[in-house]
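Quick one: the structure is below, and I'll ask about it shortly.
So that you can tell them apart, the chains are marked A, B, C and D in the order they are listed, and the count of residues begins at 1 in each.
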Amino acid sequence: MVSEDQPQNNDKKLDLGRFPVRTDLAREAHDMAVQERGEDGVPGVEMDEYEENGITTSWIRIHDDQGAKELGKNPGLYLTLEVPDLRSQDSKLQQRVSAHFSDEFQKFLEKVGVDLNAKVLIVGLGNRNVTADALGPFVVQHTMVTRHLFELMPEQVESGYRPVSALAPGVMGLTGMETSEIIFGVVEKTRPDLVIAIDALASRALSRVNTTIQVADTGINPGSGVGNKRKALNRETLGIPVIAIGIPTVVDAATIAYDTVEFVLSHLNRELTQTKPTNPLDPLNRADVKELQSQEVSPRTGKHVLGMVGTLGAEEKRQLIHEVLEPLGQNLIVTPKEVDAFIGDMGKLMADGLNCALHEAVTPENVSAHVN
Amino acid sequence: MVSEDQPQNNDKKLDLGRFPVRTDLAREAHDMAVQERGEDGVPGVEMDEYEENGITTSWIRIHDDQGAKELGKNPGLYLTLEVPDLRSQDSKLQQRVSAHFSDEFQKFLEKVGVDLNAKVLIVGLGNRNVTADALGPFVVQHTMVTRHLFELMPEQVESGYRPVSALAPGVMGLTGMETSEIIFGVVEKTRPDLVIAIDALASRALSRVNTTIQVADTGINPGSGVGNKRKALNRETLGIPVIAIGIPTVVDAATIAYDTVEFVLSHLNRELTQTKPTNPLDPLNRADVKELQSQEVSPRTGKHVLGMVGTLGAEEKRQLIHEVLEPLGQNLIVTPKEVDAFIGDMGKLMADGLNCALHEAVTPENVSAHVN
Amino acid sequence: MVSEDQPQNNDKKLDLGRFPVRTDLAREAHDMAVQERGEDGVPGVEMDEYEENGITTSWIRIHDDQGAKELGKNPGLYLTLEVPDLRSQDSKLQQRVSAHFSDEFQKFLEKVGVDLNAKVLIVGLGNRNVTADALGPFVVQHTMVTRHLFELMPEQVESGYRPVSALAPGVMGLTGMETSEIIFGVVEKTRPDLVIAIDALASRALSRVNTTIQVADTGINPGSGVGNKRKALNRETLGIPVIAIGIPTVVDAATIAYDTVEFVLSHLNRELTQTKPTNPLDPLNRADVKELQSQEVSPRTGKHVLGMVGTLGAEEKRQLIHEVLEPLGQNLIVTPKEVDAFIGDMGKLMADGLNCALHEAVTPENVSAHVN
Amino acid sequence: MVSEDQPQNNDKKLDLGRFPVRTDLAREAHDMAVQERGEDGVPGVEMDEYEENGITTSWIRIHDDQGAKELGKNPGLYLTLEVPDLRSQDSKLQQRVSAHFSDEFQKFLEKVGVDLNAKVLIVGLGNRNVTADALGPFVVQHTMVTRHLFELMPEQVESGYRPVSALAPGVMGLTGMETSEIIFGVVEKTRPDLVIAIDALASRALSRVNTTIQVADTGINPGSGVGNKRKALNRETLGIPVIAIGIPTVVDAATIAYDTVEFVLSHLNRELTQTKPTNPLDPLNRADVKELQSQEVSPRTGKHVLGMVGTLGAEEKRQLIHEVLEPLGQNLIVTPKEVDAFIGDMGKLMADGLNCALHEAVTPENVSAHVN
């Protein structure tokens, strides 16, 4: 939940290293670990990746505690779709991504061991009154729910469907209750076999906002770090698998500034070292974004172009920026101006994808006739 | 819940008398019982009423099974506010009614034995996507929730407040779950001392739509009569008091037709019998509505002005109309064209009233500073 | 505009005959005229009708003043679609009606003499804050506008499109200006060749609410009868054709009561006279609605079943009901409870239909890719 | 209009200096000019400023072409309110700012020579479907319109009011028409004495987003720079005064990055030079934001801490950042995550302020009873 569960303006004094800036995305953590180690792989972590039609799909499995420590993420299975062009509001592309998401999500369910008849509860986290945080409630509203039909008139349900229920519990500031209190109660009474929780995330990279989808079987922890009172939602606490789906929708000013400084550094480094560039004028070739982000700049060049600041490591730079902006009250959390359309598009994409993945009888061709 | 839990178009053949048309309002049932008996009181039922500033307030207590049978309502306490001019969208009147509702509701809490520190869960029933059914969710959205503050930082909560939580669970067609399943689960996990459930009702009198508020300690029965599977929410099932607040927001075409026929009958009767009329041209004198509604028409006059139909009793007329409209698909459930404004006004009125009644520190003067 | 331009609660005393209750629908006026005359045709009026797949399509041309007088409508061309099942929220049917509307509307344009390249201004009348009156603004929001592309980058516009602009000017209570003042000004500055005005209508038959679409080339008269100051929008005043599209979305309580009384009369008449009924229990056989509405009841039977009231003519009955309800403040204007969904569905149907009809390159198959 | 009229992603290649990054705010331009000149005043420009209760009010008059050239703004009168704490969502402060805005706006009207009876047309620019751009339409919706009462029933209008009309014409992408075409037409037909145009602006300083209000008598130029076809709305083109009210609601990533780099520079400079800081940990002391922004950093220090980049001038740094981000498609235009609440609060503040300023009979105490 973007809205309330990650209060980012509380800590007046940052202790470098005490709060290492972590990412919610396993894919990002993996890239950083690889970059740091200077090797191809990370011990205890397996990763597969392929790119097709502008969609990069990666599967990461963190096998053990070592892998977990390296990536700063819990052991488990992570699926990530990266689609840089999703922000272009191209409805054809959205449909393609939706169908692809559906296929991959079905594979994910199989790998997690969820069978075709498993009863599913979809939980839409977030605040419906804050557009940037309304992804979860939006998906719930467009979810095809069927559980009541199985309960009340089972003989009338055709084959090809499974029992699905859905709830957008609202945020603590609006309900006065922990999200987990509500979900625990509902799960106990309605006995699903699987929980799918959908949430808008804070991103640590501007380029990921509304372009990346992560699916993980590690559950969620609403309001992690804000106190001991909140319980995680996962297989241990609920007794059933909890799959979390997250999309970055906001970013803080410090991240934007950091990313930009890195872009500028790489850009100048490239000019200084005469690296043959990919064509930076081609906006469709978004691979350059990644390349610039991952490009190594020698300390000497760094110092040359950015002085003292240029010699800082990545985390040090992040901390410096954070430390300056935060006390000034200028580390705003922001979202693209087009947030209304983005949330609508992403929510539709994801709801359609889930509806197709969860019911055999629902396909990309007929999904729109199944829901309103 | 207006939306789904009272399907009114299913029964193709009506068996006169098998489904006697009942009212949700104790006040209405009481008036009908008195009219039928031709006496002042009803055995087993106590009733107090006073009118002030355009607001008629009545307290009805159904003491025992006899009273319950006479009125067709469960034994318990019923508070009713009737404000015919509420539809005039007069903001001053709305504030006055809100403050009066707050006062009476506090008395109601005392009578029910709920103390000042009792923890309250407010449940907004209904479908937020159907404006006429969105009263409950609207009130929840404007409720001042405080429970999380008591839980997370009790030392910082000033005196004059109590722990309040709130939830709009959504309707079964959107969640796939019974409302009671969700509420049972949430009550078990969050342990309130009292549930207040808010719902939009179907009215059986056009004149009551958006003008009447009923408070009862008898709980609610979402989807009563639609099957055995749904459990009531009341003191027996939840173990804590359940106060239901209801406002009629819709009416069916048959009711409109019946009411009109009665108005016409009374009107003609009056003309024929030379009763001195209250001025029927004065729209502010809404007392005439009630008078016309309750006026007795002799069978002879009835026959004269309305023929065969005029000789039917009230229930027979209702059944005839219902029986004709229903198979034609014309017994639409309707709501005033101004429903968007009415729901907004009534929801604000009720949320403000509840916020004042539940927290000593909140008053009609400062309530708007407490909520958004 | 439903909202403000037809104040129906002002006239305290009705003078029978001075304000004959008229209908906005030529089709309805035609049926009434035929019924009154007891003949097949009406002098000066031509009418064609066919039924297919649950859609009744009729074309009426009022040739001259005699026809105009008979029907109480201006001379001109009227196209009417009647689809009783539209209220069933069947998305397949909606698409079928949308495509059919598009075909018929293209014929209408041809008959009116509007060519393929004519520049079109679509005007959405009504109040977007009042759901029942928001049809016009809703259609404007889903209209494919292209005029600015023709103006700013004509060379980039592919063939198969024409210049379309769109405006939802809002109602006088929100703008302080007559709708016609705004439209006159905009037409003068932007010079379209045709105005299409879309409006929600008040119906005089419950069965027509959200089931009937009328297209007319006679223009519109926002707020007709409320004063001399408002000018009509039509070919005379604007110098270009003005096509009005209207859908009944509201009805007043008096109409519901009148319709019901008629249904009851016909029903009892039928039972008394042993007419073999169409099966009144079959809700899909909506032809019975029309049949019951048009069935003649002999005065003797009328008197028998409805007494004095049964002997009144149609207009007299309407006036009596109106006269009784109005001063009581109970002649509410109402709309079906499902108004939110109905307006969304009808608006989508009409916007899709117009987009297909106005641009050769847009078809029912690709229309959803053209708009959001 | 944020949404469409300032396409910022078109120019692939930036020519440093050809598109000097300009500000919409005279106050900001004045500060920059003073900083560049190193003097107190700017020739041809008069400026008054005072601070009270957290609100900084400044009046700037650009007298002549020299002043206009220095500031890059048209000659005219500019009123600016700066309230850093407005983002804290404090309803008391909002009311205080609203009342202060009303007072200052009345002075503005006097200085511009608009008398108490002048007829006013309020134009809300922007796209109601894009929350960050919906300020204008929101204000229009909460404007107290009265013109129709003066036109239709002048004898019933009490004293203390003036004729006000209001229109939110929508953006070109939704109407297919230039905003100015619509406004020209409406002004011609309805003949107001004054136009007040309200718009959301793109800011060039993160700290100004939702904290600054500018009033100017120089009119507006929707879509300035996008082509010759769009006409400005001002006294020359309309023949009546045009007052523009603007509030920055969005900012681009490049601006955030630039601001942050400057904050970091100043911060490090301060540490290096041992300047006694205002307490940077006190978030309420927002004066430090301005101080840090305006602090001069010596080229030598600049080079030390930021290397090559540190030696660039302000405009050069901006251009460099822009030049790097733009081709990568990462120069997103963003708005604070809380945009829904901010637009609601600012719109309410401004609508209340205008309603009080335009009608003598409306005061901060009774304004809420005048509007919905």
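Operating definition for what follows: contacts are C-beta pairs under 8 Å (C-beta built on N, C-alpha and C of every residue); 3 or more make two chains touch, one makes a residue touch a chain.
The structure displayed is predicted, hence computed values, not measured ones.
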Fewest touching-chain hops separating chain A from chain D: 1
Chains in simultaneous contact with chain A and chain B: C, D
Chain separated most widely from chain C, comparing mean CA positions: A
Pair exhibiting more inter-chain C-beta contacts, B-C or B-D: B-C
Turning angle required so that chain A lies on chain C, C-alpha fit (0 to 180°, nearest 5): 180
Chain centre separation (chain B, chain D; CA means) in Å: 48
Geometric centre distance via CA averages, chain D-chain C, whole Å: 45
Rounded Å distance between chain B and chain C, as computed from the means of their C-alpha atoms: 35
Overlap residues in chain A, where contacts from two or more other chains coincide: 129, 341
Chain D to chain C touching residues, read off their complex: 129, 140-141, 145-148, 151-152, 163-170, 172-178, 181-182, 184-190, 227, 229
List of chain D residues in touch with chain B within their complex: 91-92, 341, 368-369, 372
Chain B to chain C touching residues, read off their complex: 2-3, 9, 12-13, 84, 87, 129-133, 206-207, 209, 250-251, 253-254, 256-257, 259-261, 263-264, 267-268, 280-283, 286, 288-289, 292, 303-310, 320-321, 324-325, 327-330, 332-341
